[in-house]
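Each in structure tokens, the structures are laid out below.
You will see two complexes here that share subunit A, one where it goes with subunit B and one where it goes with subunit C.
Right after this comes the complex of A and B.
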């Protein structure tokens, strides 16, 4: 009897150990993907290719700043569009929060308009691309239940199931997380029938100032066909960005120094 | 040919066995590939094709354009499900109905399966339903909210009502997703191809049956109608055609009173139909709406000749009481006219091969072939069949069972025809005057003919598809889709003009940069170049100089220059230009003004809606913004929604082609045609800011095109075969006048038939068009028999008056029996659930009646009047 109890206790503790481990993997992956350095900047060349092979491109600069009161917590982000020429100077700002809806603003220079955007739904297209808004800002790990389904020589494969299934279009998703860098290099989203319909791939990883950084990535979606690639250039970290850059005032008057 | 009949009469068993084995072989060749597709690899299994689009050749430009455009704008065929609630005070916007709708939507989204390694079924991502479309609305001061219109089904009636209010604010949804009175919601379910629509509709019906409540569900849309037609077509062939055969059999029995004998024409008809349809399938042709009618066309023609033989046999048999001798006598008399009626009928149908419509060509060729097969079978199998019966079984058979009965106890039919014969001899002028009047009336009727068709109306008035069609088109903007694509005419590019134009914009830049770019421009434009290359060269140079700048001010100045150059490239994106968008707005208004269009959805609607919501939702901001950049920024906002891909149904990503989705309440070709004319005129009268070309596409438009081809094609085919038949007739009678005479009953029949169509307002549609060939084939038959027999008999009698009496004996009886047997035999088609079959049944009867009457009245009247020209001085010949 005692032996049996010991075995059960051992099983329970094993399970707990595994649960801690998968959350740790997810936390590290979250950090590697969205929280390198205390701030950062990148120029992004986005190419949207539709099912017919027709291409469109967008050029924008992203500035990012971590709010320092918690580890891997709130962030502020600023997206400044350069091209196409007719959306030049259009800007998009986000205050990402772990709890509750993010705050988002949009500046449309041709209409001379700053708009707040309310949305509890983060799974809308990011400016018409195959990426969702949430793919760019980062999905908060506590929104899902994670299970380590496989461990290979190079990857942890984590399956995540949403706690609130009504708010998302997927049933589950799987992440292939690189063991050394903890960068998620592949993500597949599955529907209710278990079919993968949406796939993220990290195509290129570079060491930038000691940070392993994805410099080319692709999202494809079989429901609409086609894919979007994002190429990152001029990536910089720890630039000491001032927090007041991320305020409504700078939407109309972009911080040119950082955008050059 | 007489020889062939003699041979058959001598070796009846061999001929019967031969025909039976041949039919069995053909049946086997059809059935085996269906049951075991690999067994005979050189044969294609039976293929059904119910797609009216195939009325046009796959290479037809309008069809290629239709498919190219559909691909370019990612448009699929659509199944429309209407949900109507007339009971609840909130209409369909109540908790229960919306829960049903939500469940049905989720169910529809899951309808995918694999077929030949490809995923087919519902294109879930493009479905339009309350839970799959985005809503944009105000969310407090200075804030907009994008979210699903119905993310989850409502739990309170207030929530349900709020969804209606929100949907009606969005022009894209009002009248399309939601009816104005809120009684109905329409779900638009795109499918991978039309072929799956029946399956999808069946699954949806199954799901709908599970729901409780007051909701009525209607499933419609052209693809459903077409697939449904294919299914019912077969039910039709299996019920109506055999029913017609049975009735023909009964009528023949009534005339000839000998069951065993009257089965023989049925055997001939069955063999003819089997062989023809078998050959059609074996040769790899699809069974199309047109070719499904082949049996119904072949049957009367196959029976026609057999009735002539039986009728003659019936009248003559009592004279000899010898089967073999009677057959020889009958065939001697009939083989020539039968050969010629066969040839003319065959020519009539064969002429359809000249129409530009592939299914009609196949139909014409195979009916032509079937007619020849039927003739071959008739002249061999009928004599063989008679010979296989014992002489005893023919006891009591014949017009008069007693040897002397012919003259003393004439039957009712005989007496009636005597009367007709007398009447034509005495009242020739009256008959011809009435004929002339009828001709004038017919001409008037023909001018009133309305050319029109609508595949949905191929179903009966009370068919569920018609009911759904009415229910939805009453409440929504329309279930018939047409599309109008616009793109700039590619203008000749003139480098010098463009450079001069560009120079003015360069001059507006800051002076230092402007002078440098001017210099670059002069260099670059020295060599011939296109716009993209020219700008690209300037951009590269500008980037180099920007990199070399030292101050922020200089860098910014170059940035401005590069931006200006990039904008040059965007100038080709004409459908972001406010002036062009205003033009489309006006065009859309014109579409509404025609009253033919329920609604049009186009790019300006999206831009105006987003613009309004960006500007506090104020009604006056429901407009196109003033600059191209403002349009682009409104659009990028829209693209940050759940369904950015919806944009590409209305414009190509390069903004050089746009598409208007037009919803019509009627799928009648006449309405689509009126719309096309009206829009063409408007576009000609209202020049666009840039020269635009326009292209129509969509199923409703395709139907118009094939109809036009059908009408003109049929007319040409008819005129062509008229001339050929006239030539054949002149050859047969070795006289142009006799040839012309034989064409008169047929001309009258067709004129009066189509006159009636015009006068009663029946649309000239696909079956009506094809019937002109049937008229030609059948009406000339009676005239040939009548004239050939009259001419033959004329030699035996001294005067035309005596000849006329003889003609109104056996020959007239044969014709009358034919009219009754076949005319009535096709009336069961009137009970058909499919209108084209009804039309065919109705008009076959009318045509036979008219052709018979015209032959028996007009011909003798004319022959009496022109007897001296037609029978030139027989006394002299004798002398």
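Right after this comes the complex of A and C.
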């Protein structure tokens, strides 16, 4: 009897250990993908290829600052567009929150207009690409239930199911998280029939100041066809960005020294 | 390129091997190191499980073969990059036709070719921005250069120097586009010049804003940021004067156009006929609050000299406030302003506008993915209405005391956001009139876009705000190449 109890206790604690581990894996992956350093900058070359093979490009710079009183929590982001010509000098600002809607602003230079943007479905296209807003800013880990379905030499394979299925277009998604760096290397989104229709791939990783960083990635979506690649260059971390960069002042007058 | 091809090849190989039921670990990307134990002897993947991803370049045993191809470039891009300043812009052609017969106007509503050049130069101590539109427009009778109103072959939209005299101050001097306030195509406290002609004939929205020749000092602090904008010589609207669009003349008692254009008693004395606009603003959590003040003149003619018959820009002071923030899953705003018509404070001078109270409330929300709805309610409340009625010359049509306007904006993005369909409608239930703007814009490529649209005015009476423009209904098409 005593032995049996011990065995049961052992099983329970094993269960617990496993449960902690998957959440830890997801938390570390979230950190590795979106929260490295206290702030950061990257130039992004985005190439959108549609189902007919036509190419369009977007060229922009992202500045990011973690709001300091939360660990892997609220962030402020500033996106400054250079190309194509019709969005040149347009700036986009997000105050990302874990709870409630993000605050978003758009600055249209030709009108000198600071426009407040109604929060939209996070799972709609970011600037016409195959990436969603949520892929760029990060999906909050507590929105899904996570199960570690497999462990290989290189990866933790985590399957995630949304707690609120009405708010998303997928049934589940599966993430291949690299064991040493916790970078998500591949993410597949499945529909109700279990078919993968949308795939994220990290194509290239570089060590930037000690932070393992995805510098090339691709998103493809079989529902609309085609894919988008994002190449990151001039990546920097821990630049001591001031919080006031993420205000109306710098929407109207972009902080050039960070955007060159 | 080589890396990508290698990755594709290896993933194809991986797929092949997995279908042969030989489980294969995906190759690590360059830059990521595989554990020492990494071998191909992994357990077989269960049927139905997709194969494991190949490791991206940068993760893995193979040292990274960094060979990312540089951004595509062509001769034009190389030329633009070689300039010592940043040069961008577009060339555009726009054609439009009137839908109704207006004997006082040409049938063509717009027929122009426009080259916009934007130059930006950046130094440590300042930034210079110049935006010049070189323009040939076949509709106007006159093609002489008018530097202030943008008439002729050049519309200089920006020529401003931005300085940072202190950490908490920005100073912008020169010709610049200025905007503030919360309205969507309705302006209360934004008393910077507008180009109503451009707006009504189907130029792109940005041309609704005409430039100011001004000095803008922006001061930043934790209590409230302050913008102080001084315009040393009054900049009026590019208002409807009959030369381009017809309107109702109360004096003539009919619609007039080129046959009876408005001539103004312009205010152009430097430092004497000037404008001052102030804004104090701050964030309150997710909300943005602002207070506004203005001292200057009615931006479009607000009176008439009974002796000379010239239209005038009477004195105007304005004070207002606005609030903007999230409500439910949308953005709500309220804005209010009091227009103090200083030259007719009791409202009994029929040749000068009365004072007005103005109010705006709006809400915008995404209805469905890629479909956004915005609605606004706007009120113009004429003050001293009894005096206005009493002093109104006999035979003149009277304005209502309160003019109500509702606006609706629907914006739909489609075809990977390359197609934008938009509809904006003003409807005035008190004037029983309105104005519908419809536009479709399609981006053929990163450089080329085409668009078409219409400006449709409606109303039962010829003298109401939108009803008077009914003869100006038009359709337009445009094509633009951006660089």
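As a working rule, the second predicted complex is superposed on the first by the 252 of 260 C-alpha atoms of A that agree within 3 Å, B and C clash if a C-alpha of one lies under 4 Å from a C-alpha of the other, contacts with A are read in each partner's own complex, and residues count from 1 in each chain.
What we mean here is this: contacts are C-beta pairs under 8 Å (C-beta built on N, C-alpha and C of every residue); 3 or more make two chains touch, one makes a residue touch a chain.
Predicted, not measured: the structure shown is a model, and the values here were computed from it.
Superposition note: with subunit A as the common reference, subunit B and subunit C are in steric clash. When the two structures are aligned on the shared chain, A:121 is found in touch with subunit B and with subunit C. Of the two partner chains placed by the overlay, neither subunit B nor subunit C lies in contact with A:164. Of the two partner chains, subunit B is the only one touched by A:133; subunit C is not.
By the document's definition of touching, both partners, subunit B and subunit C, reach A:113. In the superposition on chain A, contact is made by A:52 with subunit B only, not with subunit C.
Looking at the shared chain after the overlay, A:85 reaches both subunit B and subunit C.
In the superposed model, C is the one of subunit B and subunit C that contacts more residues of subunit A.
Judged by the touch definition given at the top, the superposed model places A:223 against subunit B, while subunit C stays out of reach.
The clash between subunit B and subunit C in the overlaid arrangement falls on one stretch of those listed (581-589, 707-715, 743-751 or 869-877), that is 581-589. In the superposition on the C-alpha atoms of chain A, the part of subunit A touched by subunit B in one complex and by subunit C in the other spans residues 48, 50, 54, 56, 83-86, 88, 108, 110-111, 113-114, 116-121, 123-125, 127-128, 224, 256, 260.
By the touch rule above, subunit A contacts subunit C in their complex via residues 45, 48, 50, 54, 56-57, 59, 83-86, 88, 95, 101, 103, 108, 110-114, 116-121, 123-125, 127-128, 150, 152-155, 157, 176, 178-181, 183, 185-186, 188, 196, 201-207, 212, 214-216, 224, 231, 244, 247-249, 252-253, 256, 260.
Residues of subunit A touching subunit B in their complex: 48, 50-52, 54-56, 83-88, 90, 106, 108-111, 113-121, 123-128, 133, 166, 192-193, 223-224, 256, 260. Of all residues in subunit B, those touching subunit A in their complex are 71-72, 74, 110, 124-125, 139-140, 142-148, 151-152, 552, 555-556, 563, 566-567, 569-570, 576, 611, 614-615, 625, 627-634, 636-637, 639-642, 644-645, 647-648, 652-654. Against subunit A, the residues of subunit C that register as touching in their complex are 3-4, 7, 25-26, 28-35, 37-39, 42, 49-50, 52-53, 55-59, 64, 68, 71, 88-90, 118, 122, 127, 162, 170, 172, 176-180, 205-206, 208-209, 218, 220, 225, 281, 283, 286, 288, 324-326, 329-331, 333, 364-366, 369-370, 372, 416-418, 443, 445-447, 449, 480, 482-483.
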